[in-house]
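Once you scroll down, you'll see the structures, which are given as structure tokens.
Below, chain A partners chain B and then partners chain C, in two separate complexes.
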Partner chain A sequence: MMENEQITLPQLTFLWVWGIVATGILYFPTTISRHVVEDAWTVAVPFFLAFGAMIAWLHGVLGTKFSRMTLIGICETICGKIIGKFLGLILVLWFLFVTALTLRLVGEFVVLTIMPETPLIAIVLLFMVLVAYSVRHGIEVIARTGEILSPVSYVAIAVVVVLVAKEARFENLLPFMAQGWGPPIRAALTPVSFAATTLGALMFTPSLNRPRLLKLSLVLSVVVVSTAGLMIESMSTMVFGAARREIMFLHFDLIRLIKLLNIHLGLQSIFMTVIICGSFLQVSLFYHLTVVGLRQWLGLMYYRPLVTPLGVVIIALSVLLFENILEIVDFMDKFLPAASLTLQVGIPCLLLLGARVRRL
Partner chain B sequence: MSKIGLWVITFVLLATTIAGCWSVHELDTLAIIMGTGLDKAEDPDKIRLVAQVAVPAELGGVPGEGGGGGAKATTLAITTGYTVRDAAQNLSRYFSRIAYWPDMQILVIGEEAAREGISPLLDFWNRQEQPFRSLWVMVAKGEAKDIFAAEDYLEKISAVGIAKLINESGQASLTRKSRLLDVTRDLASPGVSPVLTRIEAVDQAEGKKRIRVAGSAVFRGDRLTGWLDESATRGLLWITGEVQSGAIVVQCPDGEKRDVSLKIRRAKSQIIPEEKDGRIAIRVEIDVEGDLGDQTCPINLTTPEHWRSLERRQAAIIENESAAALRLAQEEFQTDIFGFGATIRRKFPREWEEMEQSWDEEGFPRLEVTINVTSKLRRPGLILQPNRSR
Partner chain C sequence: MLLLLLLVFGGIIALEAPGLVRKQMWGELAAFGFLLALGMALSMAQMLDIPLPNPTKGIEALFKPMADAIDKVLMVK
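Coming up: the complex of A and B.
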């Protein structure tokens, strides 16, 4: 079944845009506001340069070099049986963790904004049932869902930005770079650590119809994410000014402000739809990566038997890992970058080095 | 999985979910709150919350005809608590329905409560997912409770009437429009002090109380320090560029004690911080366009010299009003209601760091501000001269 699946490069691009921004659009502003206020939009620059030019390129190089293998296979080919298995296990566990984290992020958002009385576990469970269903049907189905949902969502976000423009005050973006490039670079670390999950794309390289263009596809998804971030961050700073530091979900609040002819449009429900659809894709994507990775690590023929047990583990992890939302935000700001960059930049670097040494 | 198994699962799922969602509330279990007032309670640690609740049964129909027969369309619920949330939850001790906030139009803060700081009173409204940040926030002269005792001329629910009053207040530009968003933004920004709408209940004939929205409340930090009257408020709005419309009354150029009123069409302003002899000073450029509104003196004002003299008089009035607001803010209140500090911070961030500490105490009161007004009159309306003019 793995062998017959085919996904196109636009599909991969769409998938990774959601893989980065679906929950990112909610939580990145929160972590960014901890470091910069007026210059929040400039975070897009170090984000693009650090990630677009370097990490995506690195993953792309590794992927095109071994385009007939998945990530787990690459590890074992380069590092041999024992170290390869070890690295593979670490990567599978990492993606398991990322799935649980994103699931928790969606759940927290829904509870905090529209369903304060519903227990988190109920939302997470229902969400996961749907995700598990799509994961059982394979990456092709997820990718095609992404292809349908993405254009609609982009238009929805653009409309929101236009409608809220009335409230924007350009002067809130000044002073420009009063504290230099330090804070924006620091603030870019959290988005970058999410974006570095493009390493997971290497699980799909055998299913790509044109693996040569992998690098291009990954960089393209970064371009989309950077422009969306630039647009939306600058808009929320222009509207909220210094008060953005105090707000939990900036973009949700931005949309709640929209009024036409003195009537609240209630567009937040559209925003919720976009976010839920996007997070559905994001969680499906990482869940699928975990399942496929574990299948290969264990040397099984099929991945379907793994879907349900892993789903249960993910649900449990997502609820148990963090006590409260403040812990999550703190974790994303302080510890996630270190873990993510060590694993997703460190390991590919090691692999490339190993391949060079062993002349593979 | 067998087909029968799938059907069973489907039916079980439907049976559990079809009854509705977790937080379902029927309309007849809700108390729809239209406006809220916050005062200090008799117990000095406590807050008194006054909620104006719509009575749905009295809202439909024409007064005097069946449905809306004479009874009031709103009722007041009064509770106290140590915080706003505490007071709001206490509503349930008196009210058999669940408080429903999204339709809330106005938040009125009593004078005494405002003098002790509004930040603790605003926290609740920003933290909740409902109501919205475009909520009108205002300060009552006296107690907020009295505002809800007054009636509106047209609206059955006075909170709706007040919201409309403020929404249309740009017609005269004699009060500052302040939404929750604006107040929060000003409170968060260094170098700006918030200014809020001022509201009062005034006595009218037949012992009835009516609402008046005029002037504005000046804050220092988050504490109320004083009031701006209507012309000083317009002075503030000239400088911040928020004047939308209104009338300027000037003396007729013929020397007699007759008046001419000018209709404001467009007003803009620019606040420019500049370096002047090693110190930072502010230049305000106000740009106003207007029309001739009406005249009481019987001369032809459309001659070039009269027209120019009207423009000069318009500029003089604007200058006076702005200067009066500036003097009040610098000398009496010592609080930067114009946001001069914020503009300095934008242009001279390094210098601002030194000034920020003592901005309201020293920097702002000693700030040199020059106001330049460019005043233009464009059209005389559809008549050129008054009838029976000399």
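Coming up: the complex of A and C.
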């Protein structure tokens, strides 16, 4: 058993909303604009159907079936010692990679928007010190932070969408579906590949107070993400039109436009706060998954001693992985979906199949 | 800079290691040592501009066929 931590289902839902979309709010519009412009809002439809209906269900089924084990334990139970260890290592390394990637995404955003003179490593380092501190205190603390920050952030985003509605022009959404469903589905793959990280929720099913409702919780977080995506993508297309293709941090610029009685409100600081809080939760979540997974993979009793050294590795990786922002966006657009879907949908499918065959 | 980095690693060891030894958690200590050595190697190499293999390139090479296949199926570009 883990160190006797308990989290509730609303907390899990809040956490995964940020786990999917925190840095995504910044980067998904960019990857989406590469494929669709007028129809950007339709991306929410394949996103919800492809993910909400299938992947969350799949992870939920696997999680409820083996609700007393973590993901690593599931791998070893179904596939035996050697193959199970191998799969477990791949998953731990994958989550290590995702943690480093999200950390880098936050760092790039801060550098490119408000602190262009500061070296990336300084921001990443400071951010990581805070994250490591919260991870050391366990998932309960992260979950409670999420519970406090999430409602505030949702209200802030909703207010922003309402305020910016004045600048919107409906004609920008036309023509509707000129290229068919191919490009929207292709554009949905990057958000889906982040959404598929719900596989990580299985790393702490034993800490859930009611594991039976895991499926519901995961699907609910996807519903929240889809509606938010639908609102904010349609709004940004209506405001920017075809120009959205040229803008890096679309929503950040969207918020700069807000004015009331002809006075620019400068609400981007609020947006910044929401994003930083959300990314903090996202990075903490993935970091925690990696640490807990590694603890179990090594068969250790406590994960706390692993937190700091793993943090150092993550910081080093986050700087090492990519040269610049263009490389990151290219990777997220093209390779991330393939890798993420193979590992986070392929492996659970195999596990379920194995469980069926071995009648577990 | 190098000195600062060493100081940071020294600090981490000083904070964590004595507790681990006292509670006789040898497995944890070994994992701690290995991870810290890995982190130290990675950050030192970056500071001294020693080229390292990039895991992203590996993932890209591994999944390129599948990424191309997805594009072909959905008929984009």
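As a convention for this text, the second predicted complex is superposed on the first by the 358 of 360 C-alpha atoms of A that agree within 3 Å, B and C clash if a C-alpha of one lies under 4 Å from a C-alpha of the other, contacts with A are read in each partner's own complex, and residues count from 1 in each chain.
As a working rule, contacts are C-beta pairs under 8 Å (C-beta built on N, C-alpha and C of every residue); 3 or more make two chains touch, one makes a residue touch a chain.
The shown structure was predicted, so the numbers you read here are calculated from the model rather than taken from an experiment.
Once the two complexes are overlaid on the shared chain, A:I114 sits against chain B while remaining clear of chain C. Within the superposed three-chain model, A:H264 lies in touch with chain B and out of touch with chain C [touch as defined at top]. Of the two partner chains placed around the shared chain by superposition, chain C is the only one that A:L189 touches, whereas chain B remains out of contact. Between chain B and chain C, it is C that contacts the larger number of residues in chain A. In the overlay built on the shared chain, the residue A:I315 is in contact with chain C alone; chain B does not reach it.
Chain A uses no single residue to touch chain B in one structure and chain C in the other. Only residues 112-118, 122, 167, 171, 174-175, 178, 239-243, 245-247, 253, 256-257, 259, 262, 264 of chain A touch chain B when the two sit together in their complex.
Within the complex formed with chain A, the residues of chain B that make contact are 21-23, 126, 129, 132-134, 167, 181, 184-185, 187-190, 343, 345-347, 349-350. Across the complex, chain A meets chain C through its residues 35, 97, 182-183, 185-186, 189, 294, 298-302, 305-306, 308-313, 315-317, 319-322, 327, 331, 334-335, 337-339, 342.
Chain contact summary for the complex, chain C toward chain A: residues 9, 12, 15-16, 20, 25, 27-29, 31-32, 35-36, 38-40, 42-43, 46, 52, 54-56, 59-60, 62-64, 66-67, 70-71, 74-76.
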